[in-house]
Amino acid sequence: MTVRYTLDVSTSSFTSFTKVLFRWRASLWKSVFQDLLCWLLLYSILSCVYRFALADWQQEIFEDAVAFAYKYTDFIPLTFMLGFYVSLVVNRWWDMFLNIGWIDNPSLYVSAYIEGTDKKGRMIRRNIVRYLVLVQALIFRDISVTVRKRFPTLDSLEAAGLMSVEEKKTLLDVDSPNAKYWVPVQWAYFLIREARQEGRIKSDHAVQELFDKLGEFRAGLGKLACYDFVPIPLVYTQVVILTVRCYFIICLMGRQYVHTTRHINVNSMVDYYIPMMTIIQFVFYVGWLKVAEALLNPFGEDDDDFEVNWFLDRNLQVGLTVVDDAVTKQPPLKKDVFWA
Amino acid sequence: MTVRYTLDVSTSSFTSFTKVLFRWRASLWKSVFQDLLCWLLLYSILSCVYRFALADWQQEIFEDAVAFAYKYTDFIPLTFMLGFYVSLVVNRWWDMFLNIGWIDNPSLYVSAYIEGTDKKGRMIRRNIVRYLVLVQALIFRDISVTVRKRFPTLDSLEAAGLMSVEEKKTLLDVDSPNAKYWVPVQWAYFLIREARQEGRIKSDHAVQELFDKLGEFRAGLGKLACYDFVPIPLVYTQVVILTVRCYFIICLMGRQYVHTTRHINVNSMVDYYIPMMTIIQFVFYVGWLKVAEALLNPFGEDDDDFEVNWFLDRNLQVGLTVVDDAVTKQPPLKKDVFWA
Amino acid sequence: MTVRYTLDVSTSSFTSFTKVLFRWRASLWKSVFQDLLCWLLLYSILSCVYRFALADWQQEIFEDAVAFAYKYTDFIPLTFMLGFYVSLVVNRWWDMFLNIGWIDNPSLYVSAYIEGTDKKGRMIRRNIVRYLVLVQALIFRDISVTVRKRFPTLDSLEAAGLMSVEEKKTLLDVDSPNAKYWVPVQWAYFLIREARQEGRIKSDHAVQELFDKLGEFRAGLGKLACYDFVPIPLVYTQVVILTVRCYFIICLMGRQYVHTTRHINVNSMVDYYIPMMTIIQFVFYVGWLKVAEALLNPFGEDDDDFEVNWFLDRNLQVGLTVVDDAVTKQPPLKKDVFWA
Amino acid sequence: MTVRYTLDVSTSSFTSFTKVLFRWRASLWKSVFQDLLCWLLLYSILSCVYRFALADWQQEIFEDAVAFAYKYTDFIPLTFMLGFYVSLVVNRWWDMFLNIGWIDNPSLYVSAYIEGTDKKGRMIRRNIVRYLVLVQALIFRDISVTVRKRFPTLDSLEAAGLMSVEEKKTLLDVDSPNAKYWVPVQWAYFLIREARQEGRIKSDHAVQELFDKLGEFRAGLGKLACYDFVPIPLVYTQVVILTVRCYFIICLMGRQYVHTTRHINVNSMVDYYIPMMTIIQFVFYVGWLKVAEALLNPFGEDDDDFEVNWFLDRNLQVGLTVVDDAVTKQPPLKKDVFWA
Amino acid sequence: MTVRYTLDVSTSSFTSFTKVLFRWRASLWKSVFQDLLCWLLLYSILSCVYRFALADWQQEIFEDAVAFAYKYTDFIPLTFMLGFYVSLVVNRWWDMFLNIGWIDNPSLYVSAYIEGTDKKGRMIRRNIVRYLVLVQALIFRDISVTVRKRFPTLDSLEAAGLMSVEEKKTLLDVDSPNAKYWVPVQWAYFLIREARQEGRIKSDHAVQELFDKLGEFRAGLGKLACYDFVPIPLVYTQVVILTVRCYFIICLMGRQYVHTTRHINVNSMVDYYIPMMTIIQFVFYVGWLKVAEALLNPFGEDDDDFEVNWFLDRNLQVGLTVVDDAVTKQPPLKKDVFWA
């Protein structure tokens, strides 16, 4: 589930944002600390080797290498590359969220346009909503590990009540080597056509509108599949990850504190044991990268990923309520309190 | 309420923009001065310690630490990170504002499509508008602290006249563990269907249009809820806040004026007591960050946040006027003065 | 009026772009020269004080201050902040222009859908157009100083023929403490409804379309009002203006030419009297800022602001011509010259 | 005509992109070489003056000036300013292209909705298409030098067959001081209305759709006119051009190779006669600027500008074919080869 | 085929992203290694020449040249230019993908609106779908080398069953020197009109909707053709490629390890033989450029390009299934398991 902290920052004050810093779930600290510990371990080993294990002439070579590494970290364009890459990932991530598919709109239209509280009318409306959630489940299975785990097979979808035996059979009957996300949508379209023929839908306008609203729902989910189908080019992702990792591998050497008068820029007056500044840098840059890593596939299992299973349950529950239970619940028409 | 200064800058002159600088509400000064005072206090303490409390050899260590901190502030990528982050926040903020929900458009359509000045016609139109404002209030309660304070319970909404007792009962009757923002919209849809059946709406086109306009209003508000539901990933916000704070914590040491010949770059010829330049930097960077902090949750209580309570009142007042009082007020059709 | 130079740059040649440099209206030179003169004056005074008024030991302090100021100008993140801010302002400015409201589209629809060349038909069409221009005028009055000056009161709108006495009375009759931009749109909607009832409009489609086109016009203008209602957060604007100004105030000292061997980086071998490079910098940075300042409120009185009064006149003239004079002017249907 | 090189880069290989480098039309080389030669000439003159014409003490002053100029080139924020400006120009340029107006869509709708292969039916369809192309020609005349040259007067449009004598007369008859781009669109709208009245168009839907498609075409062209009407603010363009030019004027001095031990950073160990690095810089920066210059007015006469005259001819040819010749050419309805 | 790695990055962990680094297809390594080997070869040759072939005084000149080249690499604005350019290319690439044309939506509408399971009904539906795929094939032939290779002539399209002999003849009959992408769309439009006349389509709404959905499909493909027709201006692409190449050509000299005390910044204490840092830089920058190169024409033959041939086959298969086989497969209407 995406971690919400919006209410904490209602006011822009020092304390409210300090509180934000001390969260753990989906936080910078949680995502960075493992990598940081590894890095510190390696750093300490190198540091100990330098101080205790090397002879003087070896220390000199070590110091030269440090000076060399120190100088060249400047050549790695970390900030910019991360800035552009994170922008790209964040934009994709947000667009994915916008297309994740809320059942509210189509089911409101279904409830308003398809009339009748008899059994058949209810069945038509309920089935249309269920078909939409079924499409969503089918697509989520292909793009999300968590949904795939929950619904490993079509049988599990049937067991969960998302489709009946006959529907599963019909779906399997459709002869196509390609993804069949469109099949339940077609069933829904045919149900709408049927409802129109039986006069449950009053006008051709309504048919058009229903087709469009269902189509929008499907199109959004299709876009999700596209985002999965064509990710950010692998080269780009590799370049960015590699840049950050190389930078800190080089820092393992370049940020060692050495005693030497031959390299003015790496010489430190006092002997520091903890590379405070580099730790800070590590937290910033690796944290920034983690933003991208977590958002790259927001249908995964990170703390900040979309809770897709919850989405399916929610859509089914809300959709069925809208088109069935709620249609008979209408408050009486009365004057409001501002009536003049 | 967002602070307006647009009229002050009608002309791009030195004086008009100087006037902008000397505002207080929602200003840079107001948002920065507290943090700045704290920082200056800490800075002064460190400065006094160095000058009065330390022995010579301690001063040397202090100076080394200053030189060290001075050098490493360069490694913190403040500008870029802030630039990208503020861009992201500003874009979200503006999109939130665009979706905040103005009643004007739906109520104009309601007034034009649903005819009849009899009691029932007026009630239908008024109720539709009220239902829309009710949806808005329900959503605002969940995303805004100020609206939550005003309407802590459904009862308070009833007391304010936004919903009747029966409506509250019906709303609570709907059996759903999820947010029920859609319920009043459905009531409005059913009212429109009823008006069509009674012939108050003349064509199926009108029904379609009304559904769409009400749907747009609801969709905008739904998007607001989404922005609240999925904020900018916590890691990103933490990284940025931390970067800025670390920078100025390091500056506490790195920008001390010390007397030493061993560190050429931190040595200052004259003895300055006030770190003018760092104060200026502080104002810039922390001010820039405050832009992001204030906009991150624009439904809060900052000076620059949207006045959401005013919005609800305004929408109710304008909406009811449009669909009721104003429908009988139509100027006579006459020739205009340019008639040839 | 926005200054056009597009035709000058039809070809990308050295001379064509040189010509662009030597324009005066709305130019860099015009917007920068006053500020630059002030800055130069202050700079000269400081320079004279240093050379003629100070004793040797005072000169040394002066030189130290110069070296200090010189070093710290690097810490001010001018370029980035300006880059991001100007991008934001330019995007808003262009979106404002796109929503400024051209009457062409709605009036073409009005002329095509509402038939009849009798007096009443003409009155209906003309009044709809006039109402749209009236909305525009009402909104422009609130966001533009120049339109406000032209139409200080509703009476002045009446005097200009934009509304009749009865219409003014009806407008004032509408009881609402909030802006009443929607009132004339409602009148237009009711006129359309009336025309449909009288059979001047042939189909319900046409009613829907007309409502939508008029609604789009209104929505665009409403967006303009939003841009005025919620400007770029004051903090952001203040930060940017302050950054630029501080930079050049510090440059007043930091770019002085001093004779000293103690500060290698500010020492100049030859004695320059005119700070050429800083002047160039001043022109760039202040010029860049002026882009933002001029576009921040494009409805003001800068050279490059939109000529909003012209817009109103143009819309009224074109709109009335489209829906009245031009409807009877239709060329005969004949074969074209390419007829085979 | 825009120069196409997409097929050359089907594969991302060293050779394919090397081939791209060696093109001449619309290339970097073609756009840069003149400016570069001028710059080199000036550079050589200065260089010769220094080496052969100056006395020793004059040389020293020259060297000081070189050191001074060298140091200050750093202060010019070339890269960023160009980056933001080019982004802005490229976005505008691409949006202009998207709105340039392809006749295909409106003419397909015209051919499908307006039935009848008799003379009048054909005339109606042909005239509607011709009117759209006429609007395009009228607008292109005002924004493009090349179209203006081809059609200097309305008579030339008549001579080209884009309008008849009667149409020209009717157009001139419309009494309006403002641009009359809307007139032929109105004629087309009236023709559609007439076709509906005669039953050539079967439904009101079709009328609505045709109005919309024609309106979209007109709106796109209107947006082109807007881009011409409100260009990028002059100040911005001036700032960018000036920045680049000043940079290289300063480089004329700052990149001279001088023999001196007094300025360590400009001293060069070996005597270079050709400023290779500055030439490379010149090619990059001026080339980047040329991107902006060429795209600023894409309706001009640069190699990379849109071939607007070709567009008009193409639209007329394709449009007439779609609505006339092709309507009678329909392949027989037969089973396809995949029929099961 | 675009290489998918989304499932690998479900979780943001060190190992999952390390796995991403070790892929080969479409990877950084694959795209960079050839260029890198070339560069290393040249570097080694230069290095050997310096160490073994040059006399002392020649070595000095070499060292001077190295120092010179080293200093000037700073002047090349690699990072920024790449950042802005790659952003532009990635945006275009993604928009191309979004417009690549999925048959699902139009064929679902065709199947739902055009009724009848008799032979003619099936033929109409199948042909409409086939015509759309034909348009896609016609456009892909012109923008993609791989599709062109598969379908070098219209005859090959006929052989593949995409068009019949009569259709090919009709297409060739249409007399137009310009691209005839619109012809099959017109056939489809006429088929829809015929179906309406025969009563297979029940309402005028449906005709409008079908026209629109088919039109959207065509418009998307038309946009693809536009992207091919007007690529990113050649100058821009040349500037960027040249910048990167020049940078590394200069690095061939500037990053040589030389023994000299005259150039402090290029002197290295220890003798390194392998320019590790520059290799890393090479991988980053050239890899970043490769992102742009591969995406510049995503219809080519790179690993990461869209598999356009697969698209055509998929669209034909899915489209025909939707409108023919699947229309008779509708699961029975039954109560769902949540029925209360």
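For reference, chains read A, B, C, D and E in written order, and residue numbers begin at 1 within each chain.
Everything below uses one rule, namely that a residue touches a chain if its C-beta (ideal position, glycine included) is under 8 Å from a C-beta of that chain, and two chains touch if they have at least 3 such contacts.
Computed from a prediction, not measured in an experiment: that's the story for all the values here.
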{"item": "Other chains in touch with both chain C and chain D", "value": "none"}
{"item": "Graph separation of chain B and chain D (steps between touching chains)", "value": "2"}
{"item": "Copy-to-copy rotation for chain D and chain E - C-alpha atoms, rounded to a multiple of 5°", "value": "70"}
{"item": "Shared interface numbering between chain B and chain A [over half = same, under half = different]", "value": "different"}
{"item": "Gap in Å, rounded to a whole number, between the CA centres of chain C and chain B", "value": "24"}
{"item": "Rounded Å distance, chain B centre to chain E centre (Cα mean)", "value": "39"}
{"item": "Residues of chain A touching at least two other chains", "value": "31, 80, 83, 87, 204-205, 208, 290, 294, 325"}
{"item": "Chain contact topology (line, ring, star, complete or other)", "value": "ring"}
{"item": "Touch list for chain B against partner chain C, complex", "value": "2-7, 9-12, 14, 17, 20-21, 23, 25-29, 31, 78-80, 83, 86-87, 90, 97-98, 102, 104-105, 108-109, 111-112, 115, 202-206, 208-209, 268-270, 272, 277, 280-281, 283-285, 287-288, 290-291, 294-295, 304, 306, 314, 317-318, 321-322, 325-327, 329-340"}
{"item": "Chain B to chain A touching residues, read off their complex", "value": "31, 34-35, 38, 60-61, 64-65, 67-68, 72, 75-77, 80-81, 83-84, 87-88, 120, 123-124, 126-127, 130, 143-145, 161, 164, 166-167, 169-170, 173-178, 181-183, 185-187, 189-193, 196, 204-205, 207-208, 211-212, 215, 218-219, 222-223, 226, 228-239, 241-243, 246, 250, 262-263, 290, 293-294, 296-297, 299-302, 316, 320, 325"}
